[in-house]
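Letters A, B, C and D mark the chains in the order given here, with residues in each chain numbered from 1 onward.
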């Protein structure tokens, strides 16, 4: 058994990590760090886990974490991880960071949207943890920058097509819709039930932090600079994310080529489901799972390709993909601990 | 008092018409027609209205409707209205039809997506009831083809910009999100609570009936043929519709020109609210009202204009706009019967 | 026009007062007090009201309130009102207080559950504002202790039966279910969307503050001391409250007597709807309205009467009943400003 | 591996059985019967299971079922099972029936609420599958009448107290609240999203079929005839059930005795969680699991015990308990296939 720790265990992504890891057959959850709930049993914060995970949370001590865990997940707000990770690496730990701190190769791109990077020397060592796209690099990595949920849902359908240049690099629009858990567990009026239920909105229109992450990865795939138009929306549901991505087909490309390209990329990937032609993704179909469901249609008159992808923002968009990456890093079956079946309803 | 009838009174749009008309100061609701609930008191079908609207529904008799009503709303499935309207017109009635039957000037466009048109001679006489855009024509009309909810939410922000050619006619994408009431009150597994709650999906991708209606009206505004890419989505909420529309700015156009153009079109329109720069629409802000809230942002790198509009699909998207059109036809204050304040929560 | 002020205008009950009063034909909303949003336009806090109520909120100055308003609604947390009301009364204002501070005749009952009462001399002057039960006293009052939402939903069905002794005073159980807006607009993890949606819970079981208020009023009706068992529950919905009340029929009492007693009490009350025998209340039927819908059934084997009542907790349970009381105090039609029709869906 | 079949596989309870059984380590799902979806792959009906359960459903042939399965779950409407079960028993199959057909020892009680029983000779052989209460009998059974969801949630907290006579047999009230999936997957207006969301109602007040099932089992526990007052309610959520049960303590009984009695009954039962004193059940804590969470409080003034229990109506209230019973019948670990961890949110 590998001893793992979760730092930031009581946020939504952290708690989802706890759920998955507590059921994982080859790890022991040795440490749960939560500043806010230090000394409180985890199941007092999340009573769903009463009797199942009753470990008390601890406050953050890098030393203590290093003593008790071999692999550490960080589910913390941006900026905190880069202050901890250098020491964890020195101690020979493997680290999977769910924040943006280690997602960029280019410190400048990070700094343009966040703050000065205090551990830029680690960026070259960190691997961007989009499992299906970077599987080989992840297998050999000891530091993972786990992708954001929006980038995951947008990049999985786009990257294979971009690499093959089946679509044009310019003019891509990603219209994404997220459940509320993406906003985290911090109490805020805007996240209250009465402000969310039975309503729908766009937010941070043409002003979202995930853009540089998407642009960087997509630019590498296209081998040219890319700037896609991205608008996030909020859906009255707790979990789930659906992205509708509009791209222009390259000259001469047809339906078959798109289908073949996606199949070639994903047929051996257990967590990407390319849906049969007559189905479209719904977020409930992937709820609680690590799947990314993908379908596409072509608006022939405009030669526009419409890709639709659905993930659970807390699983494939955060904790699940992090565990998938752990499995890859440790040479285990990719699906270990992630094979719970989706609920029919 | 003008005597009005609602044919198709027990569907969601019909019932919303009943609600609005029952509170309208200058009309008498004389006839409620419902095949399914003939002889059943309206408030037995919609108990919210217990003691408020207890008229019994009747089965459809054009003769009886003509005897009891001067103005008739039709909230029926497509195809039925065109079989009734000719006789209503012969009897000198005013008619507001909420189906697609009288929305097109061009019978061929209708027939391509629906069925043969049996009253094509009335299409030239019918006025497309997008109130703010066709106000003058509506004032003099006796037959209104009331717009669909998707077209309303997409056309209100686009038409003024198209007329002024501030945006390019090609490459427009409309990504729309609707509440479930848009699917009507017919029992279907896909509309059941358990299939909808906590989920989000796209549907009829690149295959939606509302496209020709939007394309025809937008084409007139641009004075050239247009085909926009349109994808509808379903939100787990009963009412509300939000459209995110992506268009490319014409050369040299800036934020100010967009704002001025929209203001010039809508400043005298009580039901279109151009939001202050720091606000974005949410469907709850217009819930139960006839408002269309509009905001926009510019993604400068791509010279892309992003318009966001929100309506209540049953009000401005159906029954409310129909009553607004009635008010215009009868020379009344546009807001009559439509001035209930939105709920704060 | 009577000038009215709302102190505590940006909480959910306060905002609902603003909505109703802004549409009321005989009042002017002269002052909106909100500590948290002083100097912020009301519609920036509640953008649904953009362009409709754009008055800036002010911080609390009793003097300023008295200068600008003749009748003042207080929608504040318990304890604050009793520090303000004495001065308002000295200034000759009429006051409707939505907190618990002036609901009790007996200061000791209040103090047992809240804190020392600093204006006990006003308790005898204050009238408990359960409109249908205390209509006459309310008409002559200048200080109203507006009832809580739970007591309103429980007392309206029970009081007439208690007065007539058609039910036994002992053994009454009230199992109440409330929407989330009852918890107010203060940011708290427990009120966040993800903690509420798709879940149901009981809370404060056998430990709820509303008990003494219910017991006092019910005891007066029975003319004997009463202690009912009360359990509140939280429903994943923003508005609405349904109470299921279990009481034992007095010897010999039958269905007819229960129906007659309720009818005698409420037939002239426009806001209490005694439902026909084949209908049961649903909270959506009263959503956004001042109605209290009531039905009952008898479990003959146990001689148990089961009463079911539904209100909108923010309207009949708070702001609507407060406006109804204002109408009564000022000698106006009881329904003024409260006659918006319920939505069919 | 034991070959199991599910007859009625595409209803909500049937599909939940499929989910659990598809992940069960010791069974093979050999047959899925669905009249409505004969020849349709299961994952076309429930696309969440795309690629996971793509077996085609078959129409019902008792013969074919017997050939392919050793143990058969019946998730069918009442009345159908009793026409099939006799033949299944003759063929030596084990049967777990989720309908009411085999829940009663007394045919008359069944017939009073359903219809004539066509296989009354099997009632004595059938075991009522309330796992924790009848564990021994279940272990030796070949025919199980799986309990209803309401009875499960009400009986688990009550039966131990009834057996020990810690509560009075008369005057018990069970106020239960269910999610919408309990109404099944048949399309009906009353189950549509728009009719359910943001509303709450009681239904079948003093007129519910589950009463005789509860009364019979509870009567056995008390060793005297019992008739409890039962009112079901509908919560706007898909899964989950919470029952609030009111009983009068027997003379001299105190909190400790209640706690000890429940602990003695359930301490060795992995699926009943007696919550710590400071927690109360919420349906989300048991969502997707086979747990029944129980807490209680005492309203001392009335000597009333208030029990609160929460289950997932589709799991412990149907499919999960059925699988738990299968595990017991086959001598396996009770938790096999039922150990997925609950989601934190």
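Keep in mind that, in the parts below, a residue touches a chain if its C-beta (ideal position, glycine included) is under 8 Å from a C-beta of that chain, and two chains touch if they have at least 3 such contacts.
Everything quoted here is computed from the prediction, not taken from an experiment.
Trainee: So which chain is the furthest away from chain D, centre to centre on CA atoms?
Mentor: B
Trainee: In terms of C-beta pairs in contact, which of B-D and A-B ranks higher?
Mentor: A-B is joined by more C-beta pairs in contact.
Trainee: Can you check how far apart chain B and chain D are, centre to centre, with Cα atoms defining each centre and the answer in Å?
Mentor: Distance between chain centres: 46 Å.
Trainee: Go ahead and note the Å separation of the Cα centroids belonging to chain A and chain D.
Mentor: Distance between chain centres: 37 Å.
Trainee: Using mean C-alpha positions as chain centres, tell me how far chain A is from chain B in Å, no decimals.
Mentor: Result: the chain centres lie 39 Å from each other.
Trainee: Considering chain D alone, which of its residues make contact with at least two other chains?
Mentor: Those would be 12, 181, 185, 194-195, 197-198, 236-239, 282, 284, 287, 345.
Trainee: Mind pulling up the chain B residues that touch chain D in the complex?
Mentor: Chain B reaches chain D through residues 12, 180-181, 185, 187-189, 191-198, 236-238.
Trainee: Within their complex, state which residues of chain C touch chain D.
Mentor: Contact set of chain C toward chain D: 170-171, 173, 175, 177, 179, 194-195, 197-203, 205-207, 227, 229, 231, 233, 235-240, 242, 244, 246, 280-284, 287, 295, 297-299, 301-302, 304, 306, 308, 310, 345.
Trainee: Sort out for me which residues of chain D touch chain A in the complex.
Mentor: 12, 15-16, 18-19, 22-23, 44, 46-52, 181, 185, 197-198, 238-239, 273, 275-276, 279, 282, 284-288, 293, 314, 339-345
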